[in-house]
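Same chain, two partners: subunit A is paired with subunit B first, then with subunit C.
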Partner chain A sequence: MPVEIPKIAYSGKVKEVTLGKGGKTVTVGGETSYPFYLFEGAMTNKPKIAMEVWDCPPEDWAAAALEPFAGVTGDPVAWAKKCINDYGAEMIALELISTDPNGLNRPAAEAAAVVKKVSDAIDVPLIVWGTANHEKDTEVLRLVAELCQDKRLILGPVEEGDHKRIGAASLAYHHTVIASTPIDINLAKQLNILLGNLGVPDDLLVMDPTVSGIGYGIEYCYSVMERMRMAGLTQQDEKLQFPIICNISKETWKTKEAKSPTGEVPELGEARKRGILLEAMSSVALLMAGADVLIMRHPEAIKLVREMIADLTAS
Partner chain B sequence: MILIGESINIMSKTLGPALRERNPKPIQEMALAEVKAGVDYLDLNIGPARRAGDELMKWVVETVQAVTDMPLSLDTTNPVAMEAGLKVCKSRALINSVSLQPDRLQAGLPLAKNYNADMIGLLWGAEGMPRDANERCMLAVELVYQANDMGIPTENIWIDPIASPISVEINQVKSCVEFMSMLAEVAPGCKSTVGLSNISNGTPTHLRPYLNRTYLIMLMRYGLHSAIVDAFDAELNAIARGKMPEVVKLVHRVMDGEQIDIKSLSKKEAEYVKTARVLTGETLYSHSWLEI
Partner chain C sequence: MPLTGIEIFKLLPKTNCKECGVPTCLAFAMSLAASKATLTACPYVSAEAKAKLQEASAPPIRVVNIGVGARALKVGGETVMFRHEKRFENPPGISLLIKDTMSDAEVDARLDRFIQLQYDRVGLTLRPELIALKAESGDAGKFVALVNKVKQKVDCSLILMSDNPAILTAGVKASAERKPLLYAATKDNVDAVAALAKETACPVAVKATSLDEVAELTDKLTKAGVNDIVIDSGARTVRKAFEDQVIIRRAALVKKFKPFGFPTITFPAEMTDNPMKEAAIAAMFVAKYGGIIVLSDFQGEVLFPLLVERLNIFTDPQRPLATTQGIYEINNPNENSPVLLTSNFSLTYFIVSGEIESSKVPSYLLVMDTEGLSVMTAWAAGKFVADAIGPFVKKSGIADKIKHRKLIIPGYAATESGGLEEELSGWEILIGPREGSLIPAYLKTWK
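Our next item is the complex of A and B:
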């Protein structure tokens, strides 16, 4: 008796969103099947990786994470260029760490000027990531939106508490919005509805489900992302058919498993390898769940993930 | 359909202090208001009542009985408080509740037996909340068996399959309905009840009635015997009393998977259909579910 292979009936498609502007845009989304189920549908655009750049010198990074960026971590422009020129970054994610009110609390105008400098210096899409402090992000990201108008930045995290003001600025100055919710599919749908009501068009919206790394609840993120894709692809839920962006690098590299030097915890193995593998494997898990954009840090972790994407999409 | 009014509750902002201060007036007023709104039972929820629970339950039962002879549902996890209430109940009481957690089972069953009370059999097992309809069935069978073994007749048991919030986990919302469709078979003669308002916990306050009403229709389809409800939702009351057959039919059509053209419906009908779609899991819930 011939075996009939079960096949999923898809009724929806992930929306295609083009990030950035000018020559080197990046288009994500467009999937018509579950991630890498190429035997059931198409992944028109492969998942993309943005490389993380901080707007101030990192103070507590693991040695392994700092080493590839030696000499440039004090200068975001040089750092971004190194990512592009030396490590082939297709996108840059500028983390506005210095604006954190509980940290350096750099004024919005200064932070926005740095964003402008970076955006003028590179031609790949630029993601700008705030600190998830609603008041400060509103202030900073609104200014960034204005100063870099028509650059088609990707601004986030935009949460329910600040979506109106950041959303309006993004809309006015033609940027893409990252809708961010705390690992909850119902809230994710709700924020997408609210941003739609505000007038944010579908092709200027990506969603951030909030992720964590291996050992810190990644299973839960996986399950929420998986359900987003099920709703969007098999239940025609138009409000969940947006590309997913995962800011995973910070989450893996801040853990003690990634940061502790080899000498302190010899039983965990060599620190460098450990950090890289944690980042790479967390990233691959998120790809399996449906990530379209990963924000990553270490060039070797990125290399591993790129190879995995190439293998899984090889025809 | 038996409706149990949920308003006298230690968690209430106004009645909680009245209970703690033994101030009878707000409680008696609420009891009379619920009676007037047309419920069949009054739930008296004093919570875990770890300190002087027996004295509190006795007091609230007597306070309410002073103004109405409506049957009472005694709602506490403290068995000593429960017994103190049962002792002074004039009409046949409903114990809310006995679960399958060993200590609550051992304490609860003898009370139901000795006071010839009805009991709510909460399907909460030794390992917590059941994960699906099948686990609910297992727990229901076990609970009825244990109760029967103690000499409590099946018809005194009101199984509560646990309605859980739609904003948390749709599969549990579906499992509860699925279980109701199986209950008559797995535990013939059993009655049932559900804490209905829990379905809308965590959703915008002004929209909660839509979810409560539609979920009631869905559970009633499978013979739900009673529900602990917001007594003051008149439309919910009308549904329970069989006065809204048209919307009931409409919700049943959604449950059967029929694709209904929203544009052909009145505003109220459309709201029921949209709500039924989120409660069946056909559409994913969001706080704006009525608007899209």
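Our next item is the complex of A and C:
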């Protein structure tokens, strides 16, 4: 019995954005269908993974997450290089944890100098992620933008409360902006419009819907992302056609289920594999919903997700 | 597509006899369309109209029941492609694979894990539902022995796996009262397996080598009077299996293509040799339309994330999960420990309790019923305000557990502190942080 495969006629397309500069740029977006619906559309650029690096030594990471980076967690440059050389990172996401006013509260100038050092030491695209504190991020990211002005960094999170000043600095120094909103499709659209009004061109914008992992509200960002894709691909909503970036690693590894050691709760199985799987399986779910860039931590979780992307796009 | 009230009205007797309890046939038709009445209330409806109405009201994807009793599983019945459009109805059944070529010790270990691996979360018990028994030895006696052994040890639902109708028959004879899923009818054995399914009234899976063949097989089965069907498209590569799930769901929902109007069964167990990869594939099928997901083995590190992902994706978007109101003791608190207050939105509870736990500061967490709303939403809706919180704290019994009289309220409810000091005389109200992530730092300064 011949089956007619029901296909959707998509009216829109995700915008293509090229991250980084020079030889090792990474282009994301460009999909013409729902994620991996390759029987009716194309994914010119496969989703990409950026590896997470912290600008200060992590204090409360699970042993399994620290182990692959033993010896380099005190040095962001060495850490980033290890990700690239040993684990094949296509992009680095530098988390400016040390700038958190509720934590180390490192001054902007010091933080920016670290970003500069990392960006000088690597040739893959560099994502720079603040602490979502508007005043501090404004101070830090503006300085970063200026200090690394020829680097085409990817700067975020840029939120409604600080978009003008960080957006203007990014624009002035030609960086890419991560428009970040709290799990709400309307706010996402609004911020994209505001950034557009500010003059940020479409090819310098990606959106962060604010994600969380399995057990901690993944269903919310999952549906917001699906709605963004639906709006962008089938309802000609141009302001929701940007690539989606998901900062998932921190969210999965900070949970008690990812940190609980083997044997503490026997039903939770082996701690190392559990942490890796919470990260990998959360990432797979986000890929299903429309992630274009995943920020990830554990090399084995990354390997699994890379394999899934390769398998899903295999010809 | 469900019929409209007017379309239903045309099929009714139009006598306005009122015997259904509604003044007119039109009103009755409207109630039917809104699922507020059932057709049995009309004594005069013709058999022809009945058939038409039943067909129209049948869900585009059939609900299939596997097993009986407490662990019976209901799969299918889905009505949307995206969960935000309404909700996903029936979570996929998670199945453990056991082969009749495995040693007794291996079988026992698997059954033990099947029984032990379950998890309490938001007042629910998360656990797997199914065991798939595969006849690999080719020996009906061995297969039946396995079926009996498993039956004796666990009360779960079963999948019997064999291409050989004789072995399948032997297996189902030993377990018919459990209403196992027969796996599978193929193009080579479909007549025999269809007869077996009919005779035993068990649900049956089709296993095809293409989508065209799926349609042929389900068509044959329905024509033979077998309707409780589960689909295996046969694809075992990630891309093909994924695309088949999407195509089957969409053809059934959007095109009303009857031969695909059944839940699916998927086999991460047969798609990789790496258990970690298998978990990643299973995670994909939870999100994208697997009706049953068969795993090669169960280990806590795989099963826990998978069951929680399933809970998350199948949560009704219109009805947030809530946790039970009450006092939660974290890190073994004593009479001098801090008391924190939060709402009963399950996500809020998980984040707040997780942060308190990681702070290692012994604490009491008071969770107040806010009808599943988060702190900010509940506060804005007038459900997390002083005159509601006060009585709750008094009735909660927390005062008997502590010597001090200090209550830490969420930063987002700071404006309630004045009102609360009036409601709870003798208490000191402290304003906690707005974000859960700042709780550990806050608690470390608590005295």
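FYI, the second predicted complex is superposed on the first by the 312 of 315 C-alpha atoms of A that agree within 3 Å, B and C clash if a C-alpha of one lies under 4 Å from a C-alpha of the other, contacts with A are read in each partner's own complex, and residues count from 1 in each chain.
Everything that follows uses one rule, which is that a residue touches a chain if its C-beta (ideal position, glycine included) is under 8 Å from a C-beta of that chain, and two chains touch if they have at least 3 such contacts.
The structure presented is a predicted model; accordingly, all values stated were derived computationally and were not measured.
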Fit or clash - subunit C, subunit B, common subunit A: fit
Touched partner set for A:I193, first subunit B, second subunit C, both or neither: first
First (subunit B), second (subunit C), both or neither touched by A:V3: second
Contacts of A:L277 with subunit B and subunit C, given as first, second, both or neither: second
For subunit A as apex, the angle formed with subunit B and subunit C - C-alpha centres, to the nearest 10 degrees: 60
Which of subunit B and subunit C A:K239 touches, first, second, both or neither: first
Comparison of subunit B and subunit C by subunit A residues contacted: C
Touching partner for A:A231 - first (subunit B), second (subunit C), both, neither: first
Per-pair minimum CA distance [subunit C against subunit B, superposed on A] in Å: 5
Residues of subunit A at both interfaces, subunit B in one complex, subunit C in the other: none
Residues of subunit A that touch subunit B when the two form their complex: 185-187, 189-190, 193-194, 231, 235, 237, 239-240
Touching residues on subunit B, where the partner in the complex is subunit A: 167, 282-288, 291-292
Residues on subunit A engaged by subunit C in the complex (per definition of touch): 1-6, 36-39, 60, 102-103, 214-219, 222-223, 226-227, 230, 255-257, 259, 266-271, 273-274, 276-278, 280-282, 284-285, 288-289, 300, 304-305, 307-308, 311-314
Residue numbers on subunit C that touch subunit A, as the complex places them: 82-84, 116-119, 121, 211-212, 214-216, 219, 237-239, 242-243, 246-247, 250-251, 254-255, 257, 259-260, 276-277, 279-281, 283-284, 286-288, 299-306, 308-309, 312-313, 315, 317, 347, 350-351, 354, 357-358, 438, 441
